[in-house]
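Pasting the structures here.
Two complexes are shown next, each including chain A; its partner changes from chain B in the first to chain C in the second.
Coming up: the complex of A and B.
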């Protein structure tokens, strides 16, 4: 008899996600951050490799899986690529159901109707209390306020600084995220850079009040968030409350996908780290944000810790990007999933290496 | 920690005095990131602050002697690609040390030159069937280098491994694969372990086996020495301290030299596959 720790082949992995993916073409842009994140997870299953710039290489189906059935926005069935260069995946196929509500995903994994289901970080505690086997990655997704350049309300640096100081990041982690994740003061998490502790995450309502009292121009800040993301909505509302307590004024505005230009002074964004390497991650973030007024920092992916810290400090000091919290990726796992590794930073779902055991 | 640091510095003739008002404050923090350990110095002068960051190496943990089977670990080789097995054939007099690494699609030969392994050649193993995701492999040098076999899942390559051009590969049945035999022995003697290897060493008349943990390949692993009872039906007993490793042991085989085993480890920190030679000795 083969050892129980040695993987076995076969079976269909049933996956449920909340995002809706409308196109598998890497050239077709995502319409929501959730769709973009899901595509980042799906693409590595279909393509053989990735260039240093992050583009997927090879033909679709050259990766560990091939597309067998595709109902855009609803369901994707992948089958194992028998000739995958690094060896055939253990599971025969993967069925991904999209657009599933968080409550339904949780219920399905509890009842073993799904093998892997994405769980919002704020639901992790609830899931664990219901006996669901939960996998949580390192916190590698940054939630931040990004100010829109050229807006009269926020061109004054003091206005941006006041907002940053008024935000109670610990409360966001403790209450909204139910203690999942960690407050963010810098652009890299402590586990990656080792220097995140140098960036304050403390709320400073008194100082924020002083700064706002000095500002004579427009003070009301319109903060946009993704209308389809309930976590962003909760965080935006919390920021508005914190700002009000410090004498500021923040109005939240839901932004619908494809709404085009929106009358917002700042936006909440969620940005996953592209790599666990701090230099590489920061370089990719800077490339994604584009030029930041008043900042010339452009660290190389191979930069030393001092250079990385200096670049991070230069960006954060402009208050054009205000880090809020680091989120982990969380998954509920069915009882037959074996050899699951929480997704590594910069990597997609680990479906190639997991296998399905017998239900105990 | 503060007390221990004070005691340690006191023992080195340092004197402690009360802090006097100072214009400049220095805070030193030992931190850690994915690039390694960092010493972070924050120098505050009024409202000004400077930060200096110095990367430092990671120290190796010290090991203490223990009773029972004592295990020593020697890292021979590491590489990003999957290693199925490896071997260090006994060198002929005056000849350089050789290393053979069995990979999924090839057998690679290295020679030791100036304290480093240098590539000496390789033999491609034809993909006689689609490669498995978790293929297994075994290098059998028990009949000497001139009659060596590299066994893989469904493929066998034989020849004089001192002359790689003689190596021939062919399709074979998996029924008598070495790991099938190992599994039979393990299920009778060390059923709860992961992989096991009976090595040519005995302590006080009892045979010694080495075995891995039984966790998933997502976890760090260990190699534990076991004393095999001489009576029929007697259970193997763990002996000595386990050898902790930085990832799962994906292969464990007895080496040709007595008291040794070859272990392949997937290092979860670096992602590399590592070839370790584990030496067991009897200790009182």
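Coming up: the complex of A and C.
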């Protein structure tokens, strides 16, 4: 019995994710935010290090695992790299099944057919109620509305402000996310910047209504969201309801991957923190979405908190990027998984240090 | 148009009229029957809808009540009744519950009306349904129509509210079904009928809100006017729409307003009944009638022709008989068949011709007797005058022989002279009668009537202006270019001279003698008129009778000879006379006389004769 507490080598870690990764080549861009996030989790398993600019160093397979089998978009089997400089992982191999539906992932981990499964934050409570061991990371993924620059419906700052003020972020956290995550007022989480509390997250329907009543131009805003992301869909619909209650008009539009240009005034996006460093994280977010929103800032990774706050405030005050909620990463763990540590922000899956125990 | 054709046309018109009346009548009756049937169907469908609607209401009430009574709902109500209850746990419950209870709409709302979970608009959690928390006996209200907000926009729902009360706190269960094409599809409609639903969800008529069981109605704009009326004043209506100029495309609608809890118009059910079947039936009837009419006409054509021929055949025979009679065939008879009116007419015709023949025979005999009497009278009269001197002379001879023999010789010479003279007179008289009896046959040759007339007038010129008698002025109106006719000039000259002499005799006090010639189609006409005292109608009638005369010393043979000459030339002579004005004789002569001389035709004019 006590042997279970002592790490042991061996076994295949069965992992299920919802995203579909079609290429392991870092030079090949991801087609969806989910694929990009999954690649961010897989790449650290294949490369031995990472430069300060975020690029992975070494050849593929120089990391803790090497690719054994690869079925693009479906299945990836990694085997332990015996010569990894930081030591061989405990598990012999990792089998990653991709494109699994959330319900199937939850069911598989509940029935011990998977050892690690990604769980949508809104399903954490449900999974826990069904006895699934759940691991939740710090909230490091920002859901935000990014207004597309140059759109007539949202060129008026008041229109963007009215929409921001009409959104009930607490309701999104409490109901849609089932109390996972936290309302977001800034572009960095409180645990990272320490200044997030300075940005208001409160709903102000009355003020939103006043602002919208003053707007004489086009008022209908088309809000696009990732058609494959049910969470984005729920949040978008809630935004539409909130806007309507405040006298605004928001129409939601599903955007399919690879659909090209979409006639949307704003996009609902997920901004996953690339680093725990607030300056670096903010810089990467702005680099990713700033051109679309028509904003720019270049905080240095070594910038002082005040400078970061000022840059953050400057962007948020334009209402071109409207933070909504911070999401954690949640995983369901099978009964075999030992020594699991919630993944750190900017780091990949913690498969190097975990080991598989006997099934009780 | 012949009598037979007229009869045939009448038969055909009667037949056509009958067929048309029957066709129109049948079509009208059929149309009325179908309209009544459609109206009945429409009313039945509306009644069915109302029953279906009521059944749906009860069903929804039961289903919503079932949700409220479910253990999970009661547990939810108990949980939510606790202080600081976490309502977010139930945010997705409405979706699963509504699916299991087959409801399109379902909301769970807290004691203050705040939405805990919504199926139709899941993102609406937290917002209040104000009217839900107001005091209301929801159980007594039952199901009601309501405009419901959904993710796809407003919809029309048949809703019900049930309340789960725990302690002093309520949990409202508000659910129902969408009224739309699926609801319409659940209605069983007779053939040719359809149901439409207008959902009054916008501030003005929107065609997209008018649906049938397959979706938005094509050409929904055609309902705009009626729907706007309905929006202003909700009431049941019946109206008609002609979709195309084709009558078969028409459709009658029965509109039933659907009102909400506050009496507001939320929708309208339109039960449409197509005119196609009625129109098609009408057309079939018309085509059938046309076919029957065509066959009837064909049959009628034959029957009418046969009937008309059958009816008109005796009439035609009668006409033929009448024509023969008019041509002088007094023995013409018509065959009599049957005992109908035509047969009676034929019998009457036959009787008439028989009587005419008998009367003609009697007349001929009478005229013959009269002629003989007249001849005898004339002979007696003519012979009596010479006989009296003969008798006297012979008596004088006898007396002289007996009483004065010495003078006998002288008396004898005188008496024989007288006797010879009177015998000569008797010879002359006999000669005239002999001449009439021996009228020569005409010797035909070309004759210029104008020249003949001129010659006669020249011959009588000296007598017209003779000393001691009033003058007679001849007037010639001779048409230029008068064609020559084939005739015997000598006989014609004799006849015309006779007429001229008669005219002169008729004008003892002088006057005007007018001779006129005309021609037409080769035939020529001659008119000889005087300005004498004229003749009576009776004289005109007998004027051409032999031995009839109005003169003191006439033989009565002159005009008879004239008539004989004209008749021998195939012509006809007539007389017109007016007392105190004068007398005119009209002679018509054909260009060429017939081979055999027809019977002379004498036309007596109204007036006097000579």
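The working rule: the second predicted complex is superposed on the first by the 346 of 360 C-alpha atoms of A that agree within 3 Å, B and C clash if a C-alpha of one lies under 4 Å from a C-alpha of the other, contacts with A are read in each partner's own complex, and residues count from 1 in each chain.
Criterion: a contact is a pair of C-beta atoms (placed from the backbone, for glycine too) under 8 Å apart; a residue touches a chain by one contact, two chains touch by 3 or more.
Note that the coordinates shown come from a computational prediction; the quantities given were computed from them, not determined experimentally.
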item	value
When both partners are placed on the shared chain, which of chain B and chain C touches more of chain A	B
First, second, both or neither for A:70, with chain B first and chain C second	neither
Contacts of A:289 with chain B and chain C, given as first, second, both or neither	neither
First, second, both or neither for A:197, with chain B first and chain C second	first
Which of chain B and chain C A:341 touches, first, second, both or neither	first
Which superposed partner A:304 touches (first chain B, second chain C, both, neither)	first
Doubly contacted chain A residues - partners chain C and chain B	none
Of all residues in chain A, those that touch chain C in their complex	125, 168, 171, 174-176, 178-179, 234, 237-241, 245
Complex contacts: residues of chain A adjacent to chain B	1-7, 9, 82-83, 86-90, 190-195, 197-198, 276-278, 304-306, 309, 313, 338-341, 352-353
Residues of chain C defined as touching chain A within the complex	86-89, 91, 121-127, 151
Chain A partner contacts - residues on chain B that touch it in the complex	29, 31-35, 37-38, 40, 42, 51-53, 55, 104, 130-135, 183, 186-187, 194-195, 214-218
